[in-house]
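Look for chain A in each of the two complexes below; its partner is chain B in the first and chain C in the second.
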Partner chain A sequence: MIREPITAPGPGRRHRRSFWSLLGEQAVEAAIRLSGISAIVFVLAIFFFIFREAAPVLFSEQFDPIEFLFSVQWYPTSAVDVRYGTLALTAGTAGVTLLAMALAVPFGLGAAIFVSEFCGPRVKETLKVVIELLAAIPSVVWGFVALTVLSRLMVEYTSAPVGVNMLNGGIILALMSVPIIVSIGEDALRAVPDSYREAAVAMGATRWQLVFRVLLPAARHGLLAAVLLGVGRAVGETMAVLMATGHAVHVPHGILDSVRTLTANIAAELGEAPAGSEHYRILFLTGIQLFAITFAVNLAADLVVRGTRRR
Partner chain B sequence: MTPGLRRPAAVRRGLAAVLAAAALVPAGCRPRSGDVAIQNKGSDTMVNVAQAWAETYQTVAPGVNVEVSGGGSGTGIAALIKGTVHIANASRDVKAEEAEQVRRNTGLDPVDFKVGYDALAIYVHPANPLDAITFDQLAGIYREDGALVSWSHLGAAVPGCKSDEIVRVSRQSSSGTYEFFRERVLSNRDFKLGSRDLNGSKEVVELVSTTPCAIGYSGMGYATPRVKILKVARQAGATAYPPTVESTWNQSYPIARSLHMYTLGAPAGPVKAYLAWILSADGQRILEQSGYVPVSPKGGVREAR
Partner chain C sequence: MRTDAQPRVAAGPDGRPPFAETAYGRRKLRQESAARAVFLAMTLLMVAPLVAIVAHLVVEAWPALSLEFLLDVPRNRMTEGGIWSALVGTIYLVAISLAVAAPIGVLAAVYLNEYAKDTWFNRIINLAVINLAGVPSIVHALFGLGAFVYAARFGFSVMAASLTLAIMTLPVIIASTREALAAVPTAFREACWNVGASRWQTIRGVVLPNSISGILTGIILQVSRAAGETAPVMFTGAVLYKAVERGSLFPYYLDDQCMALSMHLYVLTTQVPNVAHAIPYATAVVLLGSVLLVNAAAIGLRVWLRNRKRW
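== the complex of A and B ==
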């Protein structure tokens, strides 16, 4: 039975309406709570599903975790000797991500500083719109650019034997993560109280001194979070790297080598691995591996943001 | 008072309306009477020509709809085992255990129709001076233990390829083309790791055309003017043949395979008519236009069995 309100609003119609409005309120409250919890439920359900698909091979006796993590031999459909080693794939993911960050972080943070501190209001609005537009380009379009435009330039202007390689993938991923770094980085810089700026200017600091000695230290947690979210984007990206990196199982020795990433490998092979086969389960296991990597990156970002809030 | 036991009249009316609507829905979804749908699924290699056949056949027999989907030879045969397709396309033979599964599940034998041939061409960049290649050299380039890694090993100096490295272009491991190349050229041994494994026949040709150092394999139907096709010899000293219709028929070109369509039991009615049309001169001409090799030198006037 629904509880009566403490101040009973009198008998008859008024009383009945308040009963229904109370019910409605509770229903809305329940719906909002449900949608709040659903995010957690979905994440747990996804993890549970992936884990359930991978579990039979994870707990089987033939499974060798050392070989899985540290062997470079990836022969999922071999006719003579099936081997599942993911080291080359992990190295590919790490290599492309690091390269992308080496390119994206200077550009992203530089753009964030420029947008928030150096440009006038009109330029600022234009830049923000354009950067948001950059974030809205679908990844398959980036992949197409990598395959047709960048790969030709690579062959022409570098010593790369083939145009689809780690540098190509890194540039594309950098272009995709720059918008994230800029918008979150700019938010972090804007969150620095104006009194800091006023104090620095009052003490005779130049603009550069203001940026490097006051703003960057004050906003460092927010900026780090921006970079880590960019990393998360780069690690998880699939379509563009599948098209840009050359998809070769190979531990890279230089930035012009072709590589294959964990995500691209799942995208390319899961479609035709027979459901329930060992290959299928191993691919889900690489999914868990990827989940662990992105989870660690996101957790790090979250902890850093939390650290900023506490200060 | 105990509320909620009696259902209000409005709710009952609503329920009746919903039930009535539900009863009406299937009536609207029925296909036009007289139309026949043939389900056709399987090999990615064959999906282009299967599509071309299906489209042209609509003008030949307007009441018959052929629904084509790809997914790979294995996918098509799996659908045949489940009995969900009329025709399965396969760029390889049905294996004995698959035929057994078909028999156990459906009580019918898979019946094989050979509808054409596909020759795998070896593609290089047009700047590559090489003209022919042997089976041993291909194995040396692609096989796990192969020692051929640079073009100078083959005695070729490729202009535009500064690194001299042979860039191997291959297919993803689930592809039927990949399996066929592995079986025929690598004697079922494994590929050397580090090849660029692309997701389509067309992509292989595309990448080779922009990469001076590259070598790749793909169906001869995918040739473009921007790549060069190498002749292939069975061994050093033997005559090398280019992939052509004639060299496929007389089996002098060594990397060719037959294309199959499988039905459940001997086909009847529209399926039988469709297969007969595919093997007719019209159907075989479409196959040849799609870049494959027709079944017989005479242009194919065989009837479906």
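== the complex of A and C ==
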């Protein structure tokens, strides 16, 4: 139905908008509503098209989901005994992500606290710009740095036989996920009401006590969300880990082992797997696995943030 | 109430002046500066890599960097020459993807911020946007391959790669545009409605003009993100090498495959033997430099427009 807004209600003279103007408005509003649902359409489309490529192997008889998830044997191109077990890849992803978070969480939260509580407005603006620039560095450049600079340092200063290993990937991923942790963590700290700070200072608390006894407990949900989003970024990162972690498909025993992650595995093998082959479809299946992991992590982060907002 | 704390403030019988330093006060000060130093160190450790990486890359790349490097095409099995074919390919991919993603993203944000009421359906849209933003880039690559390359029969082409990039940048454009729209005070809208304007007239006449700076900043930031992405274009349209004329402005058609700067860097580092030492570094510097420049420009624009804001 075309609504007629009343414009300029003069005595006896009502201005009417032309038919075309009203029609144009209807068209634009239709386009807006259509775009509004586009996000849902695209999420469903992503799932549908990846599932469509993976489905034939998923519903075939020789496919064994237990072996797929829990076997460490990944021999996709073997001539005699083809095996598709992703446990080693999942372990690689988990290992690199854990290592990255062990480095990124303390530094990221420390930096968030510094930016939010310890520096003046000018330094704060500068640091925020630097963090934004750090977040903008493309992952392939990080991968390049890992491969050229960091791997040389690895061989020189550790006992690692090769420079591309889990530690290398962990450091690079930590550097990549720190900006996200800092910016979301800073938001969370800023959301703590100033009256909390004033109350703590009035009680004679030092800034150290203020941070650990008041701010961290008050902002813990937001900080947890920041960490979860950092985890999401680390799990999903592809090019940097592809170039930094080496290419050994096995469950890592130490931090200087070469590993391969789920993401890097797809990137490394998708080019060689002929379209429509079993290997190709299995790679799409690992894509679904990855989609599910990041979906869960992001959903958790969203729920945590929503929980704080409702309180 | 503790009353024995009082002598600390007033002049004591021992003749000490009031407000003199006490051992307790000194400890508090020490603790405070220690806290400051620790957090400052954490922040610096995060900022230092940015400076170190940029400096190292520029130093190593210096011999190869010139205007000729930008304009020349790769020669002699990509071991010499320049990067023009990759540079122009990236410009194509970014321009087309943003031409698709920006209108849809802005309209979707308008819907979410101006039209949507708090219903379950709109909450699902929000959830979809958040999850779309968290989908790993390699999963976008799988989607692009399944949907655009095979199902839509675009083949490996500029078109398929750009559309994949467009879907990847969409959620971030929606989020940043929404933020810009939400920053426009509700009173502006109410004033406009009160003189009889319809919803769309209000958006076009009041909301969009007042938020255009924030919207543009968000879109510009996506230019750098799209330029840096490797995995989504690697499997949907970017190739190792494509012969292009030196300095040619229109080397690719929509259904051609193209080269991309990010992928070129990956290929130079991992797959091409005997590349002149400075060339990968110079490629990384061009990629990193353009990304950081675009980001700095967006940040500058934001600061400039914020200072000009009248409310």
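Please note the rule applied: the second predicted complex is superposed on the first by the 286 of 311 C-alpha atoms of A that agree within 3 Å, B and C clash if a C-alpha of one lies under 4 Å from a C-alpha of the other, contacts with A are read in each partner's own complex, and residues count from 1 in each chain.
In this text, contacts are C-beta pairs under 8 Å (C-beta built on N, C-alpha and C of every residue); 3 or more make two chains touch, one makes a residue touch a chain.
Predicted, not measured: the structure shown is a model, and the values here were computed from it.
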- Query: Is A:H247 contacted by the first partner chain B, the second partner chain C, both or neither?
  - Reply: first
- Examine A:F63 and indicate which partner it touches, taking first as chain B and second as chain C; both and neither are also allowed. neither
- Which partner, chain B or chain C, touches more chain A residues: C
- Item | First, second, both or neither for A:S151, with chain B first and chain C second | first
- Query: Looking at the overlay, what does A:V72 touch: chain B (first), chain C (second), both, or neither?
  - Reply: first
- Item | First, second, both or neither for A:P161, with chain B first and chain C second | first
- Can A:Y196 be said to touch chain B (first), chain C (second), both, or neither? neither
- Partner chain in contact with A:G271 - chain B first, chain C second, else both or neither: both
- Just which bits of chain A does chain B share with chain C as contact spots? 271
- Query: Contact residues on chain C for chain A in the complex?
  - Reply: 28, 31-32, 34-36, 38-40, 42-43, 45-47, 49-50, 53, 56-57, 103-105, 107-108, 110-112, 115-116, 124-125, 127-143, 145-147, 150-151, 167, 170-171, 174, 195-201, 221, 224-225, 227-231, 234-235, 262-263, 265-266, 269-270, 280-281, 284, 287-288, 291-292, 295-296, 299
- Item | For the chain A and chain C complex, residues of the former touching the latter | 3, 5-9, 25, 28-29, 31-40, 42-43, 45-46, 49-50, 52-53, 106-108, 110-111, 113-115, 117-118, 127, 129-134, 136-141, 143-145, 147-149, 175, 178, 182, 206-208, 211, 229, 232, 235-239, 243, 263, 266-267, 270-271, 275, 283-284, 287, 290-291, 294-295, 297-299, 302
- Item | chain A residues within the chain B interface of the complex | 72-81, 88, 151-152, 155, 159-164, 242, 246-250, 258, 260, 268-269, 271-274
- Note on the structure: Per the touch rule, the chain B residues reaching chain A in their complex are 71-72, 74-75, 78, 161-163, 165, 167, 172-174, 179, 182-183, 188-190, 193-199, 207, 210-214
